[in-house]
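What follows is a single structure, and I will ask about it in a moment.
When the chains are written out, they are named A, B and C in that same order, and each has its own residue count from 1.
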Amino acid sequence: MRRAFHAPRSIRRRLTLQLVTGAALIALVLFVIVFNFARQIGSESQDRILAASAASILDETSVISGRIAIDIPYSAFSMLDNASDDRVFYRITRDGAGLTGYDDLPAAAQAGAAPGFDTVRFRGEDLRVATLSRRLSIGGTPVQIAVTVGQTRDALADVLSRILRVTVILGIGFFAASAMLAVLAGQSTANSLRRLAGSVSRRGPQDLRPVVAEVPSEMRPLVASLNSLIARLSTALTRTEDFIAEAAHRVRTPLATVRAHAENTLRRVDKEENRVALREMIRAIDESSRAAGQLLDHAMVSIRADQLDLSPVALNALVGELVDRLRPVADLKDMDLRYRGDGPLEILGDPILIQNAVRNLLDNAIKYAPADTPIRVTLTHQGRSAVLTIQDEGIGFPESGAAHLTGRFARGENAAGVIGSGLGLTIADEVARAHHGKLTVANTQGGPGACVRLSFPLR
Amino acid sequence: MRTLILSLALTLLALPLRAYEVEEHVRFPSERAGPELRVISTADVDLFTPFILGFQARNPGISVDYYMVSSSEIEIALTEDGAQFDLAISSAMDQQLRLANDGLVQSYRSTATASLPTWARWRDRVFAFTQEPAAIVLSRADFEGLPLPRTRQDLITALREHPERFQGRIGTYDVRESGLGYLFATQDGRSSETFWRLTQVIGGLGPRLYCCSSDMIEDTASGRIAVAYNVLGSYAQAREDLHDRIHVIAPEDFTTVLMRTVVIPVAAEQPAAAGLFIDHLIENVWFEDSGRFAFPGITSDSLTENASLRPIQLGPGLLVYLDRLKRQQFMEEWEAAMVQPG
Amino acid sequence: MRFLLVEDNRQLASAILDRLAIDGHVVDHAEDLATAEEYTSTTDYDLILLDIMLPDGDGRSFLNAERARGKNTPVIVLTARSEVSDRVGALDMGADDYIAKPFDFSELEARCRAVLRRRTGTATNTIRFGQVALDALAGTLSNGSKVIELRNRELRLLEVFFGAPGQIIPKSKLVDRLFSYDEDVSENAIEVYVGRVRRHLEGSDVSIVTVRGLGYRLAVP
């Protein structure tokens, strides 16, 4: 069954919603209270005037020479005049029998020396009536004189509708102000979260120090657990890097031992079948050590590319140094490794990663191109990019297309005779992508050999 | 005036079925067939005819049946007789207000009524369309050589000093007969004690009592009486032909100002046409300043400027003097003062 | 030449010692840094082969200390770790070159030669027969008055012949010395290089003689 209500996912929205709902409720309660209070006051003030009117009539009622004399003062009714021109009715009774006024006007119950009030239906309209009575004596006989004054309630309704308007505006105003405050409160809460998030995301990928941002006390547990997570992450990363280094060491040292012994033995034995076997052995060692090396390199590249630590890299110097370092290896195949670089091209990047990428590309060129051929390395400034081009005169890439070669463990189908794990281009490609650069591989136009281009955006 | 056939029919209480008395009945037929507006009014036909003709010019097709009655008769017609009228026009504000208060008139709203000041309408049922002062009319011949009285006190002094000249020659409303007279008298009595002194003086001089302002004006002009007290100033102003024989005085101590009002009875059969007539009255009298009813100089502004003008408030206070007991007491006092033996 | 090998793995060390001895070098072996420091304080070496991970410390700190003491004996670092992380550190510490294990002796030889050439200059180690002198370090052959710049394989071929004058050297051994193990070459490929070297020796009293069915021999006066 689906839940009918989903809590909003944003804290800011949830907080704002709760505060706004609260404000709406308070506004409603405020409205009801104020309106009822106003109605009560309005009603009371009408009652007071009606009572005063009845009292003023009763004041002018007297017994003159054995007769009841009632001299209704002009003010008795004129005081009832109001903006809504409410209708006025009255009745004066003597012991319940009508003396004057509207004979069918009902009196309020509980009338006595204190005024009684009632709301009655009279001639099709709601009427508020006040009744006041007084005992007079005619020749020793007591008589009860009761004065009832009634008035329609239009003025009250008018006042109430005005108060209603004002109260509605008040309620809406209160609600709007509270809603605004609620939004601000939500925002300020969200802001402290955002500040924390900012202080975490602003830091560099290598920065695994604990967070010390100033946060409200409610968020301290979050920061504490964040810091504990950072600490564990830091430990895990260090452990991973140590593991990779250790793994490399553990794999490579025995391989180196075996290879060295094999090579030495090859120098000593003369029997051709033994020599062939030793050569095969060395080839196998080379293949596995290269594969292991590249796998470990790739793991390291992946970790570093995920949390790229950018610093300015002088590309020209970096490539020059690498070419110099690989020249002895190229020399072994009498290959001419030529380098020409344009000025000081500086990019933002991880020098270790870039170095690794370039070395893998140069390794490939030396490995796959035949002896006695040149390898041309050029670094040029093209538009907003620095472009490194490595051209050889070797077998080139297969006709089936070069694009897939950057995939993991992909090798050219025409490279079967050469030791390689197929990870070189993958590493270079990953490094290029991590730096928003690009790796393209193609065959040299109009000639034999491969042309690999690695471009990085300039600073 | 176009080829409008104006039929004047003088009806002298010919129909015995009526409980109320009709003084004059005039039909203003329309050229085309259409609704007939039955109007019961206290206003003199002569004074009111231009309004009716103007109304018919604007609203052709509505014929008007005009019944002129005294103010007390309107209440009788509408309450006791249950007669059917579309409009009731009266100078007796108190009676009109009571009709509205007792729920005997309809409400009506229009642009014209909304433009009235709030003191000139009550519950969208009673609409005032004039302001008319209660004036003192004097015979020029009888005040030859005497200073013209400006206040009630002046008048009392003049009457006391020359009783021979004024004996039997003072006219005022018979408040027992005339609703308007009762209204003027009760408002005077409410406003000042001078009224009762004046009434005593007038009563001592053997006054003539009238039903209507127009009769008092004509008798003053003819010399039959020398002073007419509490006369509709508007009527006196309207009789320009008599101005060389009468003075029209607005007393400076206070001048009661009355508003002529119009209501649509609940029994009206043509409330829409009645509404149009009310709009016409309001627009003509209030805003086009035709001045036919307005006393010269009395406008909304002059009411606030001239402190001696006391407009009668259109409000529940008017109900007080309509109270049976109150009226009875007032009448007793009035009769005691006014109808003195010998 | 006198080498110091600092390597804790005995098997690997013995193989390297064996190989360097075949080539006629004198080699001292230290299994840890303490021993190495003892050796360097008493003997001047032409070249030090230094492993990085040693039981009593990091080879780089030894290198650092050596350089701090003002000793600038050329050093080639042997590393078994990922080149990505080790390389920069080694060169920054003042090593002349480094080589990753496992290595081809030919490459080690070439790197040693390159380092020595850079550090000690020429004419220190020549082999002379009659009118001909071979300077392996400089890679030159003097034939009478002319000095010939040798290509790498020509040099290595002459080194083999000059190292065993008068002996018959079978083609297969020459192939092993000249070509890497991942190159599929026929023994006939060696004839191209022998032909080139013969041209350099023309006009002198030294020649390379073909011994049919067995190989070649360097004939010296």
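Convention: contacts are C-beta pairs under 8 Å (C-beta built on N, C-alpha and C of every residue); 3 or more make two chains touch, one makes a residue touch a chain.
Since we're looking at a predicted model, the values are computed, not measured.
Shared contacts of subunit A and subunit B, meaning chains that touch the two of them, come down to nothing at all. For the criterion of most C-beta pairs in contact, the winning chain pair is A-C. As a whole-number value, the distance joining the C-alpha centres of subunit A and subunit B reads 81 Å.
Note on chain placement: the centre of subunit A and the centre of subunit C lie 63 Å apart, centres being C-alpha means. With each centre defined as the average position of its C-alpha atoms, the distance from subunit B to subunit C rounds to 143 Å. Note for the complex: subunit A touches subunit B at residues 69-78, 80-81, 83-90, 92, 99-101, 123-125, 154.
Here subunit A touches subunit C in the complex through residues 241, 244-245, 248-249, 251-261, 263-264, 266-267, 270, 272, 275, 279, 282-283, 285-286, 289, 293, 296-297, 300-301, 304, 325, 327-329, 331-334, 351-353, 355-356, 359, 367, 371, 417-419, going by the rule given at the top. Across the complex, subunit B meets subunit A through its residues 100-103, 118, 122-123, 190, 313, 315-321, 323-326, 329. Within the complex formed with subunit A, the residues of subunit C that make contact are 9, 11-12, 15-16, 18-19, 22, 53, 80-85, 87-88, 97, 100-107, 110-111, 113-114, 151-153, 170, 172-173, 176, 180-184.
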